[in-house]
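There are two complexes below, and they share chain A, which is joined by chain B in the first and by chain C in the second.
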Partner chain A sequence: MVKNMNKQKYQKLTKKHSPKENKTKNMIISFVVGGLVGVLGQLLIDLYSNIDSVSHEEATSLMMVTLIFLSCLFTAIGFFDRWVEKAGAGLFVPISGFAHATTSSALEYKKEGLVMGIGSNIFKLSGSVILYGVISAYVFGIIRFIFFGG
Partner chain B sequence: MIYLYSFLFAGFVCLLGQIILDNTKLLPGHITSLFVVIGAALDIFSIYDFFVNTFGAGAVVCITSFGHLLIHGALAKATADGLLGLFTGMFSLTATGITATIIFAFIFTIIFKARD
Partner chain C sequence: MNIKFDNVFVEDVSTVAGPFVIKGPLKDKFDKKYEDFYDGENTFEKCEIKELIEAIKVLLKKTNKNEEDIDIAISSDLMNQLTISNFAYSKLNIPFLGVYNACASMCESILIASSMIDSGKIKNAICTTSSHNMTAERQYRNPVEYGAPKPKRATFTVSGATGIMLTNNKSDIKVTSATIGKVIDMGVTDIFDMGAVMTPSAAYTLNEHLKNTNTKVSDYDLILTGDLGMYGKKMFIDYCKEEYNIQIGDNYDDSATRIYDYKDNVYAGGSGPSCLALVTYSDIIPKMKSKSLKKVLLIATGALMSPTTSNQKLSIPSVSHAICLEVI
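For the complex of A and B:
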């Protein structure tokens, strides 16, 4: 009983003293930053499409590669962590978040060696995206295949 | 006009992510996984195809498009080869993103040091 009371008291205290996050500000920042990533993607697609012999699909792939390249590079150099912290969902919901999560876990475990460090941990943060993406695509794919024939 | 649509769509998806992040105990990993599943689910009725055609890159850069591309590649193969296509085609469209991520993450991890 006493323990329980202490716990409640403790929770009240922590709630009182934890810094209040400005949710509205976070929402605006993530909306604008996420939107800008979308605009950058569209800009790159249009830029690559202007090159002769590059189709729209190839331009889309090139855009993805470019965004991933930049996110990995900026993460490895170091300042992307601070950006992601500030922009929140604005940077981790686009594809840049996947690249950032992969690179930062690889960097973090680099000191444990090439195989047991980088190799085993590179997908530590982003692996769940692949896992649940494949599982859900498989389940929904079967559903759609049965009901709509592909 | 496509730029405005891209901005609005990508911004809206990120806004949803931020609202979930701020108001629940879910971490970024949970949210991205959830969004991938949503992206795949939206493809049952070809809704995400409509998003990509209407909103351009805004719909492509979001992690939801990862789920969309997984199911899309799998179904394209399944239509041609039957149910085995779900296995052979699963990564056919997402190969770009996954391969690029692995290669660049590895190269830059080798070159740069972790900051603490």
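For the complex of A and C:
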């Protein structure tokens, strides 16, 4: 069917015309945005630590809850996807990415019902994070227990 | 495989265009528009069904016909089980065939209908297409609110529905021939690069069509490919030269690059079965009616992608079909 062209040759041809992604620009944006999320997190910890009854550890948890809440809220309002698309790893590597993936899946399947829709699909994108997070915690926990005595 | 038709004519066309398309270069040429992805419905799917029914109703009104006057309807969309077409035609009293060749479905449905009309078995037929950015996005990629970064070579599914009425009654525009393409797989696995997936099948179909009809590229006022996109278009020109030694000239364009305003962040351009159909019916057919274009070759290109096989790392096959329209 095909005369001159083979898969390798064709790959070269497509590569020639494929637009180059601006990796440096994307990395700088991700770095800056990711850094800003870190700064925001630190500010929140400092803010919560100022409350008398809150310990530093509790302040860290409160900071995470706040970031998760904001990411979920912004996803639900509908503009966070455009931010994540632009900022890339700067927003989807921090906890905001997990919250965004989970909320967007929940919104997507809302119309298919609470059980077959949201229940079955909420972790469609973020399920891997949970599964491999639990597995690696288990594996590294055992290693730590064996070599460092817990 | 080339088929020649003697007695098939275009009676009229209809277009319903959705968000992004209505801000593009063809914005003043559509029969109907809708502003947002829901258009008053509570799901994207219901919205798409509504727009397809709308396109059919506009077509019936323009041609002064009732549902009962139509011998058959052939319809296509991107959803699994052809959901949109099935549901739209459940509300209509027209004998129905559903076809799927992804974005090549437009030409596929026209060539099936034309064969039936030409054989004298039926007098008229309507061919409809539908696509919707959000329903396609959620089926083929990610939840719509999920902001995954996309590469520049990705395409942006067109939202809109179209219809064309073919008949054996003589009109200005004749469907003269069609070429049925073969499914070609050149080993592309990149789910964002539909242009690269479809280019080989588009070029194959073009070569077959030219060979079987004894025509040259320069015999056509316009050769319009389906939805290869901004970069796929360049690949197509190169591929035709290298593989078939066909020199593509200025009379060639790709519908994906004609549908959007690129300022809207639409990556490499449009895609979906309605992309070529919207460009053809809103722009090309009127130009043919006013005789500024006389012979047009449409090559609808379809990437036969399935998320399941793509996740299994299989490459994406593609098929393209061509239709030749001539002013008589």
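The rule is short, and it goes like this: the second predicted complex is superposed on the first by the 141 of 150 C-alpha atoms of A that agree within 3 Å, B and C clash if a C-alpha of one lies under 4 Å from a C-alpha of the other, contacts with A are read in each partner's own complex, and residues count from 1 in each chain.
Keep in mind that, in the parts below, a contact is a pair of C-beta atoms (placed from the backbone, for glycine too) under 8 Å apart; a residue touches a chain by one contact, two chains touch by 3 or more.
Bear in mind the structure is a predicted one, so any value in this text is a computation, not a measurement.
Chemist: Based on the superposed arrangement, let me know which partner A:L13 touches: chain B (first), chain C (second), both, or neither?
Modeler: The second partner, chain C, only.
Chemist: Determine, under the contact definition given at the top, whether A:S136 touches first (chain B), second (chain C), both, or neither.
Modeler: first
Chemist: Using the touch definition from the top, say if A:L125 reaches chain B (first), chain C (second), both or neither.
Modeler: both
Chemist: Going by the touch definition up top, name the partner, chain B or chain C, that contacts more of chain A.
Modeler: After superposing on chain A, more of chain A is contacted by B.
Chemist: According to the stated criteria, A:V54 is in contact with first (chain B), second (chain C), both, or neither; which is it?
Modeler: After superposing on A, A:V54 lies clear of both chain B and chain C.
Chemist: Of the partners chain B and chain C, which touch A:F80 in the superposed model: first, second, both, neither?
Modeler: In the superposed model, A:F80 contacts chain C only, not chain B.
Chemist: Looking at the overlay, what does A:L107 touch: chain B (first), chain C (second), both, or neither?
Modeler: both
Chemist: According to the stated criteria, A:C72 is in contact with first (chain B), second (chain C), both, or neither; which is it?
Modeler: First partner only, chain B.
Chemist: By the touch definition at the top of the document, which applies to A:R144: first (chain B), second (chain C), both, or neither?
Modeler: first
Chemist: Could you tell me if A:Q42 is touching chain B, chain C, both of them or neither one (first, second, both, neither)?
Modeler: After superposing on A, A:Q42 lies in contact with chain B but is clear of chain C.
Chemist: Taking the two structures together, which residues of chain A meet both chain B and chain C?
Modeler: Shared contact residues on chain A: 21, 26, 75-76, 78, 81, 88, 101, 103, 107-108, 111, 125.
Chemist: Within the complex, which stretch of chain C touches chain A?
Modeler: Where chain C meets chain A, its residues are 42-43, 138, 142-153, 182, 184, 186-188, 193, 196, 199-200, 204, 231-232, 234-235, 238-239, 242-244, 268.
Chemist: Across the complex, what residues on chain A touch chain C?
Modeler: Chain A residues touching chain C: 1-5, 7, 10-11, 13-14, 16-19, 21, 26, 75-76, 78, 80-86, 88, 100-101, 103-105, 107-109, 111, 124-125.
Chemist: Mind pulling up the chain B residues that touch chain A in the complex?
Modeler: Within the complex, chain B touches chain A at residues 2-3, 6-23, 28-29, 31-33, 35-37, 40-41, 43-44, 55-58, 60-63, 65-67, 70-71, 74-76, 78-79, 83, 86, 90, 94, 96-98, 100-102, 104-109, 111-115.
Chemist: Using the touch definition up top, name the residues of chain A that touch chain B in the complex.
Modeler: 21, 23, 26-27, 29-45, 60-61, 63-65, 67-69, 72-73, 75-78, 81, 88-90, 92-99, 101-103, 106-108, 110-111, 118, 122, 125-126, 128-134, 136-138, 140-145, 149-150
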